[in-house]
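Just so it is clear, A, B, C and D label the chains in written order, and each chain counts residues from 1 on its own.
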Amino acid sequence: MSTFTAACVRKALRRVGERMVALRDRLNELDAAMGDGDTGISISKGGAALAEFADANPLNDGDDIGKYLANAGMALNRAAPSTMGTLLATALMRMGKEAKGATTLDAHLLARMIVAADTAIQERGKAKPGDKTIVDALHPAAEAFAAAIERGEDLNRAAQTMLEAARRGCDAATPLRSNVGRASWVGERTVGRPDPGAVLCVEILESLIAA
Amino acid sequence: MSTFTAACVRKALRRVGERMVALRDRLNELDAAMGDGDTGISISKGGAALAEFADANPLNDGDDIGKYLANAGMALNRAAPSTMGTLLATALMRMGKEAKGATTLDAHLLARMIVAADTAIQERGKAKPGDKTIVDALHPAAEAFAAAIERGEDLNRAAQTMLEAARRGCDAATPLRSNVGRASWVGERTVGRPDPGAVLCVEILESLIAA
Amino acid sequence: MKKILNDPKNFVPEMLDGLLKAHADQLSYAANDLRCIVRADAPVSGKVALATGGGSGHLPVFLGYVGRGMLDGCAVGDVFQSPSADQMLEVTRRIHGGRGVLYIYGNYGGDVMNFDMAAEMAGMEDIEVRTVLVKDDVASNRDPEKRRGVAGMVFAFKCAGAKADLGGSLDEVEAIARKTLANVRTMGMALTPCIVPQVGKPTFTLGEDEMEMGMGIHGEPGISRETLKPADEIAERMLRAITGDMPVGAGDRVAVMVNGLGATPPEELYIVYRRVHDVLTGEGVKIHRAYVGEYATSMEMAGCSLTLFRLDDELTTLLDHPARTPFFVQV
Amino acid sequence: MKKILNDPKNFVPEMLDGLLKAHADQLSYAANDLRCIVRADAPVSGKVALATGGGSGHLPVFLGYVGRGMLDGCAVGDVFQSPSADQMLEVTRRIHGGRGVLYIYGNYGGDVMNFDMAAEMAGMEDIEVRTVLVKDDVASNRDPEKRRGVAGMVFAFKCAGAKADLGGSLDEVEAIARKTLANVRTMGMALTPCIVPQVGKPTFTLGEDEMEMGMGIHGEPGISRETLKPADEIAERMLRAITGDMPVGAGDRVAVMVNGLGATPPEELYIVYRRVHDVLTGEGVKIHRAYVGEYATSMEMAGCSLTLFRLDDELTTLLDHPARTPFFVQV
């Protein structure tokens, strides 16, 4: 497959939402070790809201996918206004803005959307790669995906490249010390622990490309 | 011995005080099962105050034993104003009143003093025998002692008679249901448990006559 | 024992020292004894004086209600222990403003005996003393005369204090205290024990999913130990225990107090209040005022109590009268 | 989990429902959403409006300070979670009295991002919004800009609220909030964890004789975990952490807050206050007011925090200004 249809987008949104729900306990545990232990609570609520949004809102061929995603982002913010939830909502809204007017998503648009998500999260959260956040997984993933598409890899291979970059970024962040957010207050004790946001990024990308 | 001298009284007061201190944990445990678990705290403070009073205040031959005991009662009230402490203080003050002016205590005066203690506690606390309080041990003890002295038993034997009556009274109260004080709120659950006040009465009488 | 303290023996004196330093504008003490707390402006001459007393460990009860529009003095005992008759007498002497003294305190053996002694001694000094015992806890006995006093005493302090503030005579102030208490009932429940500092361990234990309905504020066992129920059911059970003893119905006006015992957060108290509010208003009862918070505690015990105060016009006016103490401000 | 609640999912809405019913004379809500709390008389026209917001589980923080002389509105999140940008915007719209809106809230990632979104959206509706972040917790970071906001925010609500009540402009009210916070520092410690209702178990554990200095109000680990120390030492450690960052000395005037985190009884807070009082007055510092009690909690967490507020004449006048909210009354 080289383009996403409206139906694909709606199904993908549902799948991501369900994955977020399933991650509840794991994310709580990861966050308990370095933050306030609630990433899973909030992300599972946000995931449920996304799945509900996809169920409740049809997306037919010819509909504006961008607007659809932006509305999904707002639903996500209402349900999950935590740090992670707000950043994901911001990303989704910005991806929607990037896709404004599109009725299908081709590889190049997809690449621009994922880069936009990365940019949005960095702008809103002011974290840089190396601060040990979701950015450590998302930023290399967005870059790798854009580069793969650029050099003509097919969508499935490019998606695998992206996922591997996210995994490497996530793992590379584990030995770091958290530099922003609640986890930064813990300081040294975050060293050696996976960052919940980075783990979540890997999981979301994985569920996104699991067709 | 058939009369108590000033020196004996002072020593007995000290002995009783020390026994009260030693009973701390046991009384706390008994009270925890049916009241608020503090009989021992309060009685040990009261005992310490009695011992301190005896140490700090000489009682020489010819001094008024009654006044001495009444003052000891006031010291006891200040240190231990709990139910049990207040009743003991009331008893001690009334015993002092009974012995007012006496410089030695003979068997008959002793009997009147113990009956006065029993009366004082019943008046102040309004408990009757059978309500499962200190009265269940003290009242039969006072009666038995007075009767024994009346029928001419020597002081040591009469004291043993008194102690046995107290023990029987205390044991007889154990299967009863507490009818007054904090323990009455517990109702059925007090059945089968020894009453802290009755146990204390036995211990005090025992230490009193241990010469 | 997870407590913030120094030597447990000094728990009460250090607490009092800190409290008197924090509230020096409002509180003072008599007879050079920190345990004899009085209003900073005591005696208020020409006013009936109100005194209370009892064990420590229940803040704001007892001394927290000493102040304008409520109490004039309070004798403070060790944790869960009565103060001595001596100390009550010292408070009585210091607050007496020439129009008599009313004692209002909870129905606990040690307190009654010591207050009775103090009243006898005050009488010998020509201070007229009256006594009103608080017996609001419906859980503690079927016989209303044998019940213990808990959070409902705050309403007696409030209304009798207002009557005295308005110039009432000793007879009138006593009558208001009695009328208030005739219309006040409380029922409580606990989830966890508390620790008396000098004992150092809990006086009882409750299983991880157990609660005790009717438990006393010193940890006295209650009516039944059972598995933890939802908040709405707890609220209804407490409400029914109260209205079974003191019926309220359509057209009645009440004040409601949902009181936290110490460790239970205000959030949970409001969840309980919500249900009480819905049931009462559903039955046509008008809620004039709601008091939700910590009014009578047992240190770090978790749990709560519900108090209903049935109002008429006179009691409503007195309840609404302003008051200002270190723990209770009403404007 | 020993909590009095119904379905944990309904913890926040039921709490809000009960709270709004208990305080209907003082509080209301906007946009048909219980989480958008506003003063019952909002908007107060011609007055600068103050809004805050943040997660639930900290009562009286945040919504407990909505009322005359303090805040106009508060957006309420789930337990320890930010409210959404939407909800903040609804509060902002409803309280705006024509002279602008000041946001004062704690420096937490989620809250900052959502308030920033809300401010952007309000700006598009021509409501002028300013933001002052509370960063008073000296334990949370060496860099003052990265510190989190804790109990000290109450002083910002109080003084900025007084300035607005006195007719100050948005510039002036903002300046007072900044000046207040430049003179406010807090340091805390915890003895036990708390339980987020929807999680159902503690987020961390502390040994039976352990305490954690510098722990955050969501259970964020602090500076050091150590064996439980005497109250006096805890008080001095907190005080030194604060004065190390914001020196106070002879001739200075301060307000002191000893804040309980939830399960720690007021008795223990007064023992801590006592030591703080003695050390400060011993050094010639004048204590203008003492606030001892629960001002910012973490549900049933045991522990306390100390806040120092260095005063000048202007701040003193504003601190002394009357205020009345469901949780804070000053006359």
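By definition in this document, a residue touches a chain if its C-beta (ideal position, glycine included) is under 8 Å from a C-beta of that chain, and two chains touch if they have at least 3 such contacts.
Keep in mind that this is a model prediction, so the values were computed, not measured.
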**Message:** Using the touch definition from the top, how many steps at minimum link subunit A to subunit B?
**Reply:** 3
**Complete:** The chain whose C-alpha centroid lies farthest from that of subunit D is chain B
**Fill in**
Taking each chain's mean CA coordinate, subunit C and subunit D are separated, in whole Å, by 29
**Message:** Rounded to a whole Å, what is the gap between the Cα centroids of subunit A and subunit D?
**Reply:** 33
**Request:** Please compute the C-alpha centroid of subunit A, do the same for subunit C, then give the distance between them in whole Å.
**Result:** 55
**Prompt:** Think of each chain as a node with edges to the chains it touches; is that a line, ring, star, complete or other?
**Reply:** line
**Message:** How do the chains pair up in terms of touching? List each pair.
**Reply:** A-D, B-C, C-D
**Asked** So in the complex, which bits of subunit A are touching subunit D?
**Response** 28, 32, 35-38, 41-42, 74, 77-78, 81-87, 90, 124-125, 180-182, 184-186, 189
**Asked** For subunit C, which residues count as touching subunit B in their complex?
**Response** 77-78, 80-87, 108-110, 113-114, 116-117, 140-141, 146, 148, 196, 198-199, 203-204, 216, 218-221
**Asked** Which of the residues in subunit C end up touching subunit D in this complex?
**Response** 2-7, 11, 14-19, 21-23, 56-57, 59-60, 191-192, 208, 228, 230-232, 234, 262-275, 277, 290, 292-294, 297, 299-300, 302-304, 324, 327, 329-331
